[in-house]
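In the two complexes below, chain A is the common chain; its partner is chain B in one and chain C in the other.
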Partner chain A sequence: MSIVRKVVKEIEKRKALTAILLMLFMMLFFDTRFYTAYNLLDMLNSAAILEMLAFGVTLVIICGGCDFSIGAMMSLAGIITIKLMDHMPLGPAICAAVACGALVGFINGFLVVKQKTEPFIITLGMGMLLKGIAQQITDAHPVPAKNLSYMKIANGKVLFGIPNLIIIMIVMLLLFYYILRYTPFGRNCYAVGGDYHVATQSGIRAERIKWAAFVICGAMAAFCGVLLSSKLNTGSSIYGDSTALSVNCGCVVGGTSFAGGVGGILQSFIGLLAIQVLENCMNMLGISAYVQKVCEGVIILLILWFDNYAQKRKKEAV
Partner chain B sequence: MDRQLSDVILSVEHVSKAFPGVKALDDVSLQVGRGVVHGIVGENGAGKSTLMKILSGVYTKDAGTVVFDGQTIEKTTPMESLRRGLSIIYQEFSLISSMTVGENIFLGRFREAGGMRGTHQKAKELLEQIGSSIHTGSYVSELSTSEKQMVEIAKALSFQSKLIIMDEPSSSLTEEELTKLGDIIRQMRSGGISILYISHKLDEIFEYCDVVTIMRDGHVIDTRPVRELDRREMVGMMVGRTIENEYPERPHFAGEPLMKVEHLTTNKLKDISFTLNRGEILGFVGLVGAGRTEIVRAIYGADKVKRKEIQIEGEAVKIMSPRDGKKCGIAFVPEDRKQQGLVLPFSVESNISMANLKKLKKGMFLSPDKERKMAEEKISELLIKTPSPASVIVNLSGGNQQKCIIGRWLETEPKILIMDEPTRGIDVGAKYEIYMLMKKAVEAGSSIILISSELPEVLNMSNRVLTIADGRITGEFDPEKVSAQEIMNRAIG
Partner chain C sequence: MDAKTRIGYFVKNNLVLVTIMILAAVTALIEPKFLTVANLGNLMNQFGPLSFVALGMTLAIIGGFIDLSVAGIVSLSAVFTISMIDVLGQGGALIAGLAAGVAMGLLNAFIVVSCGALTQAKALFITYGLSAVYSAAALLYTDGATQHMSHLASRTDLFKAVGSGRAGFIPASFLLFIIIMALLHVFLTRTQTGREICLTGANITAADLCGIPVKRRITLVFVLSGVLSAFGAIVLFSRITTASPLLGANYETNAILAVVVGGTSLAGGRGSVVRTMLGVMLVILLSNCLNLLGVSTYLQSVCKGAVLIIAIWLDRRRVK
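Let's look at the complex of A and B:
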């Protein structure tokens, strides 16, 4: 195979990464403050929470599901933490919020896995329910946190001046990467998503695996909610309205397919990063917020279309 | 052949087709006569399905000419082919299961058929023509495999087809349904319709076909009247060597009882009891739907049961799920490779290792090195042909895919290996290799339960045969002493 074809094939395989590199390259020619340590760190910092949401969702998608309740879960978890902090210390409050997330994941998993419902609709419904609860608790007003040390979790810089959020994200990235790649649980996730019946018949506890993925995803969403409310020092029911959509979408853009059984943490990471870089570039270039949305939509559609097209061609060749 | 040109309905001349890396068809020529049942045989990968897809318009040919009914065909689409009078009945039927029989037959042509009433009226006539009494208002999802096939045939007839290509039409039919299919084929032939009959099963070629074309590796080896050929000669041409035996010598190692199944009862099964001895191959014979698969699925814990008592090595065991089954030393190679056996997006090595992840652990994590080693061992042990252990499993041939599944289960070191239709859709050479694997497994001390619709396979491989009809065990035979006829009689019930 000639080098050119090899390169083309590699690009085909890593569309999202190519898109990122292309954008980075293009930014060299514009006189902006894009290439400053401050901007690059800031970009990663604002991507961190979305990325971590994506890690949880990736597990679920690989198992052949999806989770659209994460946005509402995130906003609710922030509110719960702040409200609970009035009555208990910080640690237990955070734990309680994460436990709530796990519980929601457990219910999602019960409905999807045990009752065999459609995950898209179920989790969308769950999202509405959670948002309703969040609005009811707060009366739709933002709730400010009174504890200063809470704010420091997400806004502090403990290591070498790198924001905590980025460090937490990297730790989570490595953790989830190892879980998916090098543990029986991770491998079984791929098998369950790749073919549920085959997995069951091979002695894999498919139900439990998929269920566990939902629980982890819910807990992760709640954890992200804690981080978000810490970052903004406020909890509000209006956060996370479109988050779930863009996170699930980012995973697919990266190459984690809704069909299940393919993809990975790195792919999802890159997929979401692509969206984030695009947003940042457009901000730098002073493109209006509305046009930005349009561009984002177009690019996401293009990537998904190419992806589908490449797969179709591959199938025809077989 | 001294036929006149007008007697030839389809003429394929020097057709070639290449895919990246493979020459699927190389200078293929063949002629199908009007009103002739023309068989095509060949191993998997011989080019049969590629040829078919070129005829139907799914693929375009690289070179050569195709003349159908006096017209040279350059580019075509499946719909155009149909309109010209060339129908293809695929192995996986192309019916829409949520629509009715009548709607399927006249799909997209309701107006031509005269609205809904005309559709059902005409569909009924077509079905009656082939002696089928399927109600045209029933949904296809409710039909059996053989009934679906009838609908496909009726659909082909509705286009006034001059040539019908049938791809492995018998692969999931019972003996009885097969006889019926034979009648329909003969009836269509006498009506002047040509049939291109593609099959692995040589018996059917000898029974139904007038002429047979043998293909191998994208070439036509020979086309001859069936009368002039015998079985061994044909198999020899298919595989490029003479196969002395289709089956290895029957192993004889049966020992003490290994598994006792008692009072196995489900919605479909009625009080099944039997014993499996150590080191024996126990064959299950029965019609499709008699409950053969249900028995093994129930034993393995894949289906719900009302009652079952299982003893393995004298100890009562509870098997509630496939996981329990695996823990008790049972392995299950299911009947539908693609649907139940393989994880299609997985590589060869992941497919082999997936039931054995415990063995790959190094501390908390999986070791990729151990996985590679496990896969390589199985690949050389089972002679799996694959470019590398990391290749995606869909790229392998059917026989090699099946060997991967068998490898997955042999790696669990099972006491009992259940094999449901282990050689379906696999070519002759690979079949023999799978028989040898079975023999080796038995010699190593495992026991095998073998289910197969191919009677000769069960009779030649098993030490003991149970016949099953209507959810009951109806008899037990020693296949060496009893004729196939007798066993079949009991299996029909």
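Let's look at the complex of A and C:
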């Protein structure tokens, strides 16, 4: 195999990473404030919450599902925490919100795994339901947090001036990487997503594994909701309207396929980072918000197209 | 078979009809005005935009797909049509709007077919992505501003007639709905192409092996769904006389809700547009009833989400 073909193949495999490098290279030629420590750190900081959402979703996608209720779950969890803080200390309030997320994930998992419904449409309906609840609780007004220490969770800088959010993200990244890579649960996720039937026949409790992935994803979404409301010091039902699409597709951008069984945490991390870098570049270049939206949509579409096309070609080759 | 099991069977097979009757009875008990001719006209009027989008969605679902791009199509074709009225006159704008629906349906079909996303799950993501593109294009096209029909220089009486005209106490949009529904019903049950769409939805591999041009049938389904959504958009903005670029938000979930509640199976191949009419009726009665009970719009959206999930769940159990 010639070197060119090798390079092409490598690029095809690492589309997202190539895209990031291309964009970084391109930005060298524009006179913007892109290459400042402030901007780069800020980019990571604003990516952190989406990245963490993606870690949970990646588990579900690898198991062969998807979760589109995470956006609404995120906004609801923030509201729940802030509302509960009036009645109890910070810790239990956060735990309660995360438990709510786990419960929603449990219900999603029940409907998808036990009742064999289409995950996409069920979680979309669940998102609608959760958003309604969030609006009902808050009357569609933003709710401010009164507790100052709550704000410090996401906005503080405990270690060497690095924002807490980035540190939490890195810890979560390592944790999820370990889980998927080195624990039986993580390995079984790949088996279940790769071929549900074969996994069941090999004695893996496929139902439980997939169900657990949904629960973890729900809990993670709630946790991110807590961080988001802490970062903005408010909870609001309008957060997260378009989050679900960009997070789910960000995972696919990185190479985690909706077909299930392929991908990983690092890939999703890079995929979401690519979207974030793109957004930041477009902001820096002063492109209007609506053009940005169209670009983002078209790029997501292209990636979905390639993901499907690659699957089709693979099938035809077999 | 004794009377009890017979009633049980009837309820099981006509769950929607029974629910509609119960809801109507409950509403009539709470609000005696419910059973007046004027209110009946109002109820028919509410069929409006959603019913057309739901008809398109029914075709897509029977054909084995779920077209999530309808939200984007509604937004984009509404702002496009309204901006064309001054350029092309009202007749021309109407045709241009419907043509935009056809074009978007064709684009959907082209993308879905060209990358081989011929299963429901795969096409879902693609149409969802397309919806995002269409909505963003609508925002870009109008620069985020709402378009007003009253600001136009040309006459708009054709649109006014479509949106809020009445023949006696029956709204024009309801008449149009009934006509289109009847045509589609005949198309699906009595023509070869219609039957081929049903077979494609039920089992695409089998349909392909039988020599049915599945790709062309899928294209037809998406085009019909696109053009009906565009028509729904026209009815919608004619009625409210404004078109915001966010007009179509949530239309996809409401349309799926109406279709699934009506009893068309998400598995594809089975269902009918008449059932969808019942589904739309149920959704309208439900929100009518909840309004009368004084339930907030937010809780109503919770109810709708719950009904959607339960309907899909029941549908799945029936298929099993």
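The working rule: the second predicted complex is superposed on the first by the 302 of 318 C-alpha atoms of A that agree within 3 Å, B and C clash if a C-alpha of one lies under 4 Å from a C-alpha of the other, contacts with A are read in each partner's own complex, and residues count from 1 in each chain.
Just so it is clear, contacts are C-beta pairs under 8 Å (C-beta built on N, C-alpha and C of every residue); 3 or more make two chains touch, one makes a residue touch a chain.
Computed from a predicted structure; not experimentally measured.
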Partner chain in contact with A:Leu245 - chain B first, chain C second, else both or neither = second
Name the contact category of A:Val4: first (chain B only), second (chain C only), both, or neither.
-> neither
Larger contact residue set on chain A - chain B or chain C = C
A:Glu118 contacts which: chain B (first), chain C (second), both, neither?
-> second
Touching A:Leu129, do we find chain B (first), chain C (second), both, or neither?
-> second
Once the structures are superposed on A, label A:Leu28 by its partner contacts, choosing first (chain B), second (chain C), both or neither.
-> neither
Using the touch definition from the top, say if A:His197 reaches chain B (first), chain C (second), both or neither.
-> first
What is the contact status of A:Leu148 with respect to chain B (first) and chain C (second): first, second, both, or neither?
-> neither
For chain B, which residues count as touching chain A in their complex?
-> 19-20, 300, 302, 321-323, 325-327, 332, 334, 339-346, 350, 354-355, 357-358, 360-361, 364-366, 368, 394-395, 408
Of chain A, residues touching chain C in the complex | 111, 115-118, 120-122, 124-133, 135-136, 139-140, 242, 245, 248-249, 258, 290-291, 293-294, 296-298, 300-301, 304-306, 308-309, 311-312, 315
Inside the complex, what are the residues of chain C that reach chain A?
-> 66, 111, 114-117, 120-122, 124-126, 128-130, 132-133, 135-137, 139-140, 143-144, 250, 253, 256, 266, 296, 298-306, 308-309, 312-313, 316-317, 320
For chain A, which residues count as touching chain B in their complex?
-> 178, 181-184, 187-188, 190-191, 194-195, 197-205, 261-262, 317-318
